[in-house]
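Here subunit A shows up in two complexes: once beside subunit B, once beside subunit C.
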Partner chain A sequence: MAEPRRDTTGLLLLAPLLGVLTVAFLVPVLSLVPTSLRPYVAGRGIGEGWTLEHYTNVLTDSFYLEILARTIGLGFVVTLATLVIGYPLAYILARSESRWRHWLTLLVIFPMLLNLVVRTFGWIALLARRGLVNQWLMGLGITDEPLRLMFNFTGLMIGLTHIFLPVMVLVLIAVIQNIPRDLEEAAGVLGASRAAVFAKVVLPLSAPGILAGSILVFVLTVSALVTPRLLGGPTYKVVSTLVYEQFLQLLNWPAGSALALLMTAIVLLLLWVGARVARRWEARE
Partner chain B sequence: MATVELRRLCKRYGAAVAVDRIDLSIAEGEMIAMVGPSGCGKTTVLRMISGLIEPDGGQVLIGGNDLTRAPVHTRNLGLVFQSYALFPHMTVFENVAFGLRRRSVREPDLGRRVGEALSLVRLDAFSGRYPRQLSGGQQQRVALARSVVTEPRVLLLDEPLSNLDAALRDEMRVDLRRLQQRLGITTVFVTHDQQEALTLADRMAVMRAGRIEQLGTPQEVYERPASAFVAGFVGRSNLFEVDATADGLRGPDGITLRAIGTVRGRMRAALRHEKLRLHGTPPPGANTFEAEIMLRSFAGAQALYVVRLNSGPEWQAEAPSNPPLAEGTRVTAWFTPDDLILLPLDG
Partner chain C sequence: MGIRTALLATALGCALAASDAGAQELNVAIFGGSFADNVRTCVAEPFQRATNTRVNFVLGNSVQNAARLRATRGRPDVDVAYMDLQVVVQAKAEGLLDQIDATKITNLPDIYPSAVDPDRQWIGFMYSATAIAYNPRELRNPPQAWADLWSPALRGKLAIGDISATSGQHFLIAAARLNGGSVENVEPGFRAIRELRPGVVTLYTQADQVVQLIERGDIAAAVWFADRVGAAARNGVPVAVVFPREGAIGILPTFAVPQGARNKALAEQYMDRALAPDAQRCFAERQYAGPTNRKVELPDDLAKLVPYREAVDRLYFPPPELVARNLPAWTDRWNREIAR
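Moving on, here comes the complex of A and B:
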């Protein structure tokens, strides 16, 4: 009767992590559930009784719906941008035999070593109305008027893409390095052009990395607070800045809780769909 | 099927010369083995034929056409990798079909040709499996089927049997030879295993430091090695130096030897282990020695002995293990003059 014992061993090994997650993550999140069902009393915060008004507000008010859509849209666009920019980079770094490889990899990671606020201020200096990018564009005569690159979707997209690019690249490097070079050579000898080698061999085999990197970047993007707050300013909001505002400026904990829980539910649903699609894609190849 | 011709083929890696002006002509349907120790450049030659490495100089001609600069995927060759390089995300069927699909072969031809290739390697029943569900030998056969299904002009094999265990290797060796003869396909294979080259190849090229040291049939190379290096690499030999003196050849520790051929000054000599005989009566004119068995190790039908000749040099001999000769036994060791291979001193 050795089988049941092995099960408890596995559980025991997982126990520390499960304990930490339960106390530090699951309990606080679940405690948001009752809060989100309380009415909000202006000036006092959480009121008495129960209500669903915060949920119905978020799901019917076009103000909230727009912010929700914007946040999820931003998640998709930033994920796609890091993937498109990061994949070639990761491929070159994973396949390079140059002695500069490690330095180049370090260069990719380097922005992560800098404080997030500093990096974001860097983008402000570049993207502001009188920032470097606009000065160059006007200096070169490409535009007459300064472009609006901040306090809008473009600004957030540029900033977040830059900040989360290293995450995507690191995940992809790890996966591409695990694809034996032999496989690409074998495909070539069998008559596959470079494009076919990529489409039929490299891309399907890096699908797990694409999925993992995309999930990471998407989740990080939709939950990012500092960068959207600084690059979006006080008026251009995403869900996380809205939640922040509800909790800490308006003391509207119930509405903030409802928003946070809704966002969590939507993200979990999207991840579930994404994982299913990816699994089917892998199975078909 | 096609001829392969290499003309003054060169490849350098920085200062190191991997392949040094190699010339080689391979006839249609011939099976050639490139053998040599690791780092001798044999794999580099194979990869230059396949197009995976671009030569620094010289030409690769296949079927009379200069393909030196042709991209890999246009050459229509088959290459079996040492690692097999099967696509892990595809079934056996899809692995074999890969090359056909690149050539736009469609059903029903596709299914028929994949089926034929798989039955050629006796894997018909496995077409729906994934590579990870196959044994090493089965993976090897899939790799073989995948590379011949497109009817390539030349089949290239990179250490095809080195990842298999001994019993499987013998079986695959027979399979491989049979397949090659049945398809009549020009084949070049690379191996560090001289036994593999001797048993499989029509001709073998023994490589050393980027050059072909000797090219010939296995029998020629085995019986008439061109240098001490070849004698040492192909088969097992006692290697020593001899001096020509007024009264014949003088070997190590002053033993006198008789050989065939003219000897001037100092030369190297090689004597195959199995040519140093410990049983039977020496014919007239043979080199004979009083010998003592120093060490005996059993190796199945043969036994390996270390013998001391005339209280002088210790040589190795390979003799039938029956009747056994115990350590310490005194025997007559002998070999005929034409068994002694004389080689130039350099190399």
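Moving on, here comes the complex of A and C:
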């Protein structure tokens, strides 16, 4: 008797969120589907009838496939980089008993308070041909020629890793804080080395945080537009900049929609696979 | 009770404020930056005073403005839309524009015929050009022709526009014509730019990037817009313009009334105001825009900087329909061959 009632309460509690998601996410995405199937004639606009050409164009063209692969590769590398840099940081912040802890956490969040464009311009000042980094490297005699740090994979990776690091750290702090410290002490008492405690206790227990943070950072990276446009420029494109170009420079909405939907489908597939792998891993532990 | 009263008062206040702004309101989709500021000074403010209308600017570039009309087809939220020539012809082909009533535009007889759509769906309000900008402190012998940009002296000192910028499209056309091609055959243009590419410092996407590139000394010359050169030089940037010997590529920004606009009559009044000689002269002085009204008199020093009278005849205006039709193919090829 009590069981079904709790279900409806749960549904009711979810209703506002579901409503917002449907209106603000599902409907706009689905409305792209018919657009992506329309033919497009340059100079004349969106035509009548139906066609799959925008999908086949992308999937059969090595140029588009290269950019799809590059975008997903960027997603993986940035996720890994934020995880490797963020995990120790999160662990220290979560376990610290210093009275500076809250200030240190605030320092991690601080970059998020700055406008994205400002942060990206900061990186441009650092990474440009005559930027600060190259000036130092050349001044110290490490390199003779300025390094190419912008308009390529390196530049995007550095910029996006910095921008999304706080997301990863915040998710990990919350999870690590919830791991009872007693468990670590118990393992220590039973003779486990510090490395073993970390590998066999802390790491598996923080898996949900690793998964959640990774998904967030991955999705944010592959859909980022402003940073790739500024740090990648016209010569280093990713999927989101191509979609932008089709929509807002060429007015070819059908091709832009097809590309956006393909990317969404690929990302959903990767997330599904990632979640399955993670669940199996957790179950085994 | 307090909250409810406050809410009621706010609602009432808003209603009053809205009605106070006058029954007349004109929404204009316009390019941003100094362009919008100068249109406000030269056109919108005098118009506002004369007609007791509030003019609201909605900022966007040509394509964004066309996208706005397409998305709100038949029920547009703007009454006037500014678009460059190759974009406005596409909006016209898509049936997004209304015909302008010639009797309402008293200045129309004075506008150069080449600046008015034969079907009167758009009117050009200024001339500009894609030309060569250079830093006079760095180049004693500035390039005089498009062909000079291939000279070894400019290797590593030149910026050109990406294909997403009008200047990139125009440079492709200029390079094609220079090497025996045309708008319909840009193959020679692609070959020539591919050859030039290793010596090009950057492909810029925003016109304003050129200012920083020149100021930092990263480049000594650029393919850039004549009106931007004028405005930058006035702000102290070391830059001057050359209209290349083979012919600079003409730019004709236009405005149009979207199909189904709520205030068409008011929109036509606004356009008439923008085409009047005093407004055109004001815009020439501030924006370095060549007037499309033949009655405008410009002082000699200004006449040298803007496309004016016979200088307009020396410009080459690529057929906009052809550009609009070919642009996706050009972009695709540019992305693979030049911007990689």
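To be clear about the criterion, the second predicted complex is superposed on the first by the 275 of 285 C-alpha atoms of A that agree within 3 Å, B and C clash if a C-alpha of one lies under 4 Å from a C-alpha of the other, contacts with A are read in each partner's own complex, and residues count from 1 in each chain.
The working rule: contacts are C-beta pairs under 8 Å (C-beta built on N, C-alpha and C of every residue); 3 or more make two chains touch, one makes a residue touch a chain.
What you see is a predicted model, and the numbers here were worked out from it, not measured in a lab.
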| item | value |
| --- | --- |
| Clash-or-fit label for the pair subunit B, subunit C on subunit A | fit |
| Contacts of A:Gly73 with subunit B and subunit C, given as first, second, both or neither | neither |
| First (subunit B), second (subunit C), both or neither touched by A:Asp182 | first |
| Touched partner set for A:Ala192, first subunit B, second subunit C, both or neither | first |
| Contacts of A:Pro146 with subunit B and subunit C, given as first, second, both or neither | neither |
| First, second, both or neither for A:Pro208, with subunit B first and subunit C second | neither |
| Following superposition on chain A: angle at subunit A, subunit B versus subunit C, Cα, nearest 10° | 150 |
| Which superposed partner A:Gly122 touches (first subunit B, second subunit C, both, neither) | neither |
| Contacts of A:Gly274 with subunit B and subunit C, given as first, second, both or neither | neither |
| Where subunit B and subunit C come nearest after superposition, their Cα distance in Å | 50 |
| Subunit B and subunit C footprints on subunit A, overlapping residues | none |
| Complex contacts: residues of subunit B adjacent to subunit A | 50-52, 72-79, 81, 83, 85, 87-90, 98-99, 102-103, 146-147, 150 |
| Footprint of subunit B on subunit A - complex, ascending | 180, 182-183, 185-193, 196, 200-201, 204-205, 282, 285 |
| Residues of subunit C touching subunit A in the complex | 63-64, 66-67, 70, 89-90, 93-94, 162-164, 202-203, 205, 216, 218, 321, 324-329, 331, 335-336, 339-340 |
| Residues of subunit A that touch subunit C when the two form their complex | 42-45, 63, 129-130, 233-235, 237, 245, 247-253 |
